[in-house]
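Chain lettering (A, B, C, D, E and F) follows the sequence in which the chains are written, and residue indices restart at 1 in each chain.
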């Protein structure tokens, strides 16, 4: 997706220019993984022509493999982002109707080729929300990946405004979730998609208790027996410029809570969940026996995303590891 | 429409930001007329929400009346503009599918209210190109305007990429043209829409002879007996930065040719035809008995547009009149 | 007024460009009211020519009616604004001498026409500070408005640097205040204009007690018997980037205190008092029997202004109401 | 003066920011001389405070001595510059009323100190145009300089909009001219100030004949017997982006014409006359016996100014000499 | 190399920011080839760390393969570019001393791997100019390429300021040239490197005759018997904004001259020779039997580069072919 | 040094432009002193040519004397600065190898001339870190200054990455320190240079106790008997956007602690230590008998630097004094 945002804290009605980024759930995860050092590719469908070319160039720039991207369709999905501040929340306006990606369908991607050499497939709940075809393609991807022996993760990523093609998230997402190894979500997703609420929590009022999410994780693990782990990010919103950020991870053995990061002032919070997902995938592969390390790493990755403009977390492996170890003093590296 | 263009002469693939303007055929005419001092309003359909609000604010800023604008639909049409230079032409990419405007239809606009107090209606061939409903609404507008006693003008404005809804320009445009008082077009439109070619002219090679267009005008006037005049802009393209610009006008009495303007370096050529149309409408109303003055004024208006960034010609009445008189020395006004 | 400010946190001496906004007390109130949905017009005097035209275009863009604006005089008043950060305060430099507005005088505005159809007139103490003529025109406006049955509000808005034409604020402001329905001010104005101090308060040291302002309001209500209400904004300055913001309102029945908003980091604090005034006027008209709701709405409007660049509070009705209800989590609206 | 100009070719009504430069006749000459390597100082009066400080910092940056600048008064003069293109001329709007400089008067500058160590004083006709006091101070400067043995030059620099304080240029300028060694002007000044017209020349229509200016120079030399030379710049305006530029010089012995420079596209033409003056002063001092070399050098200096944004000609000695020798190929220096 | 250039036509001393590009002879050729659709990789040595990473990201963005790039050394070479206008030439300042690339040497690149799958190697005379090691590595590259059966081309690209490590271009370049299939250069290189002058030509004065270069090509072909062709670009500099651009090609059978392109105003001329080289390589591979087509294609590629900011020619295959066919009208593609 | 930094919070890999500043330890101190009102000059070595010229222009702009600067050598040292935010620290990359300054040596500066009229010499530990010659020149400067009767101060300013020329800071710095009147450093320098640790302090974890530094100061005073005072800045890093800032001063009589400043959000922390040094030098000269006042002034100067972009503290004397008195409310000055 093309992301268009007024510079600084300008409102849409003021802007004489828009900053140009490209992004979107799975792309963000791929870019973050590429930045951490691993190879990572992105599968999508982009229109032919220079706007689609620009999207591909942007992905390549940040190290994302683009070989499997389909070209076709009439337009690139857009989202407009107005960055909030203090008491004024950010505003996202989706303009995805008729996008090349929304016209994707089962059978269009050559999965065998696309997945060759890969060990992990990650999908998000945004994809099946876009269109019936996208939902079918997401399911196909997961099935093909499992068949090819890849691990599969899915981030619930509930977006109420997107589910308009006939079926609801609660109907579709279970089909994906039951085929996954790892399920991810944020403090609201389990409630919004599966109706599983955390006790002692009122997200709107900023009351979020990490402990309360143990039950949420347990219920998800119970419902989807194939899952090896459930990870949830927890954001306490004290305003558009100030959040507290943590995460939990349940690997059927233990329920673990990451240290909380106090983030002020937020530079750009979009993509933090994706940076968390990338960190989790990285950690599960690199430190399979160190779930706490993996969780802290993933939470640190998501935390650092808040300091980087654009959707992509451009933090280095060294930076994420340093913060994961608790070194948050932000001293100048020189 | 939202217009997004890389700054300066950057290509799409390079851009880290897009300059934001709003524009489109009829809007450009209205803004130019408002800048010349007259009241001018614009009728369209824009989505609810801040992107549509921004479009309205932009129009208001330049003095265009926005009271009759409908709100609704899901998205604002976009066009991407990459500004060329020297031998590299500009590139326009339309992203109008599913726009709020494309969903307009006969019966949606309250024309009686929208036209109240107005003396002139202007439509362009871009509107009927967008969708069946837009074509129906354009025809309705023209019929209502005639019924209400307004003069009506139509700019052929042929855009090959837009006519995709089932009928061709050559089928639809006659319905509009035969109801108009004034027909406008550029050096290619009469050929592309009605198959009327100018002799001794090869637009692609930059061979354009004003004289050759007398026949074109005569044939148009013959075909559409209600027409009181035909005006055509003539652009000799010597490159993306260098054009020669003139215009002709046939009012059934005389065929007149405007002085030619040599324009180098072009700052922004989009909207020049609309600035010409606005100048023509202004002149026909203000100096009804001075067709040469009107033609020179219109040509000067179109010429000055090339010096202003954005779709709108922000030249003042005084500036247009000065150039229409042949004062093109560009000396500093201080 | 033309507002010129170095980008970001640059100091004047560093700036290679100035951001361009237009604003000023009454204009800010009008723009905020227009943004909340109501019609609002602004009366001032601007020079003929393109700089004055640009000011009008700016006002129109944000929905402010400009029909009653006089054109004439030699220059547009300017203020230079350098935005501070943390311990470095913002700097405002007025350059208003000889402005078109300072030459305004009683008899120049056709008030009957300007006020037609309006229900409320708002003036600020900046206007009478500018010149003898401006003071006379302000008084005339208030008298004409009362005669025409409008409600009248006045924001004390004391600016020490402006009162240079011969009379002091303490001499002039009572003439306005005694003709008003609603009087507004900030934590310092009552002291600086009328010598009415709040107990237990040291503004310079950031010690501000809402309770202490009950006495201030009572004294103002006692001194000006026509007043129906007194509203004061209370800003606790913890630095240029961090303020606490609240407000009080006394409607002769009750003294009410709004919830306090903690604002960090401040994007642009100029115009917050005007956004409060607009919110108060909006609330008094819409919810005449809900003073607490009105007060919270007004305080929220002023609070949100701190997040928007420029003088104008470009918050929507929905955003202000949401914050007025206490929803300050700043979550992304998508 | 503070110079505020919309970026690129934007019109005032479009600008979201203004580029910030400082400049003005004598300052431009000083900066150009400093850039050529010589010491050069500027005498003016600037307000106390950060806007005046910024002006001084700007001058210092480009090597201009600022020790003799007076501080005081209430505001800095401003001029707004909108840069034209092709057929649209640039627009200059002066906002100098009440400037610190306009309040200068005879007796305020300590000329003995200000002139110490200098060999040349240059004044322009803009200074006496601003106010009675400025005219008096200019005359005083010239008298003091002559008394101290300095050479004196004066650029007529006629600005119709500025002469508003009671006397006309034709009354005041002779007092300066008769005390000067060198008189400068452009193709219009001698006519506008002294009524001396060049034959076969119509400036508005771009008909300028260098030969015709021999008579102009002769008449000026005849009228002011103390003059040792008269130099005139000749600009043929073919549009805002395209000028031809030359100059003539009469040193009572010979009338010399510089080669003509064809300038397209013009980047910024403001200050070209001042760059010419600086070049002439430089040449007369360095090559007193080579008037043709001096004239070519001065014309090249003025020509190069058109390629530099801002009022100051930031061309190096080497660059000016190269162009003065006729090397105009613009090849990359690497 | 990191390229730093003041925005627009600013001079170094004015700049508050530098535009950031990356480029350099061989990189430019690779990027242009990648843009034309073919795979192309670049071999260099870049420092570890984020500045080197940024260079790689930039290359990747434009489709250049970066797998064979060595990492190491202490710094990235920089060049500062000030873009001239009209009579003021551009200025290039090299800051390459001690660059990671200058420390490259024979034996550091694994050529077998780097060249695998490639059919063509291109080197420029800038590489051997940088250091003894770079010269050795360039020779090694050419030898390895020949051994592996690749075609080899070399662009003479003489840069007087760079040859400082002990040997001169005239000593070193023959070693490269005699191992090449195709030799390229501009209107000066053959003279500066081999002392072969074109008759009737004075580059400094802009007198360049295509015909005169037949002798130059013949002498080069005679001196280096392995050469299959010699191609020379011919630039007539009429100023920094206006050049005429053509090229010649001698393939031992015929001497061919490309049509001349008149380029005004030049946006960015750096990299035009490299775009020509890329076009030539592309054409020789795609149309081996159509030397005139290849030459026109290469000249069009170099011409279009002048319209694109940065070192890289971002023109599409379609755009280059269109101009090669002589379609230079620059009409809007929509 | 040329400082190049991506705009806002962009990372290097994202930047399409770099903000341009100039700075470096001693230059920063000089600029801050110039801003406080005193004359201050800077001695360094810069390359000839426009990049060196731009550095000099930058220094002059902010009032720094540049007469004693040597010109020569091949390049200007550069540092790249990526500004961090919240948990992501800023990154500094030095590119100083082969800089004109690194080639400076004893005997190159004419110290007698350079120091004439001065009362104080300040050096930092960055200078001797750069090269053997720079270390020799620093020692020479100190010796010459002492001989000429100047006071001498030295800021330890330890930079591990710079000490690469053969000797270590712990070997070289004592030679400077033993010749100084005042020694400065930050919370780490005494440890890193002299191995003197503060008890109860863990800089990395943000545990800094002002009291603990009394011992550090005492040991330094004991080791270097000529010292009249030791001043240390103390920064508690709570993240890249949030620091606490204080300082201590021991004048052999008393150990004094400045009030702590809480800084959030930090705009630009580079140069804060230099702004402290300048404040200390200013205070020791102006209020020699008021060490607490001097210390508070110096700490306030360093604190305010955090609010100003670039290396230079552009705070006015009035602003520093106000904050030194504890007035930190950041209210708007109007």
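As a working rule, contacts are C-beta pairs under 8 Å (C-beta built on N, C-alpha and C of every residue); 3 or more make two chains touch, one makes a residue touch a chain.
Bear in mind the structure is a predicted one, so any value in this text is a computation, not a measurement.
Asks: Between chain C and chain D, how many steps is the shortest route if every step has to go to a touching chain?
Replies: Counted as steps through touching chains, the separation is 1.
Asks: Computing the C-alpha centre of each chain, which chain sits at the greatest distance from chain B?
Replies: Result for max centroid distance from chain B is chain F.
Asks: Roughly how many whole angstrom separate the Cα centroids of chain A and chain E?
Replies: Each chain's C-alpha centroid was found; their separation is 42 Å.
Asks: What is the distance, in whole Å, between the centres of chain B and chain F, each centre taken as the mean of its C-alpha atoms?
Replies: Inter-chain centre distance comes to 61 Å.
Asks: Scan chain F for residues touching two or more other chains and write them down.
Replies: Within chain F, residues 8, 11, 13, 16, 57, 61-62, 91, 93, 264-265 contact more than one other chain.
Asks: So in the complex, which bits of chain D are touching chain C?
Replies: Against chain C, the touching part of chain D is residues 4, 7, 11-13, 15-20, 49-51, 53-54, 57, 74-76, 78, 80, 82, 91, 93, 95, 97-98.
Asks: Please name which positions on chain F make contact with chain A in the complex.
Replies: On the chain F side, the touching residues are 8-11, 13-14, 84-94, 159, 161, 204-206, 237-242, 264-265, 269-270.
Asks: Inside the complex, what are the residues of chain C that reach chain B?
Replies: 57-58, 60-63
Asks: Going by the contact rule at the top, pick out the chain A residues touching chain F in the complex.
Replies: 8, 61-62, 261, 263-267, 300, 303-304, 306-310, 314-315, 319, 323, 327-334
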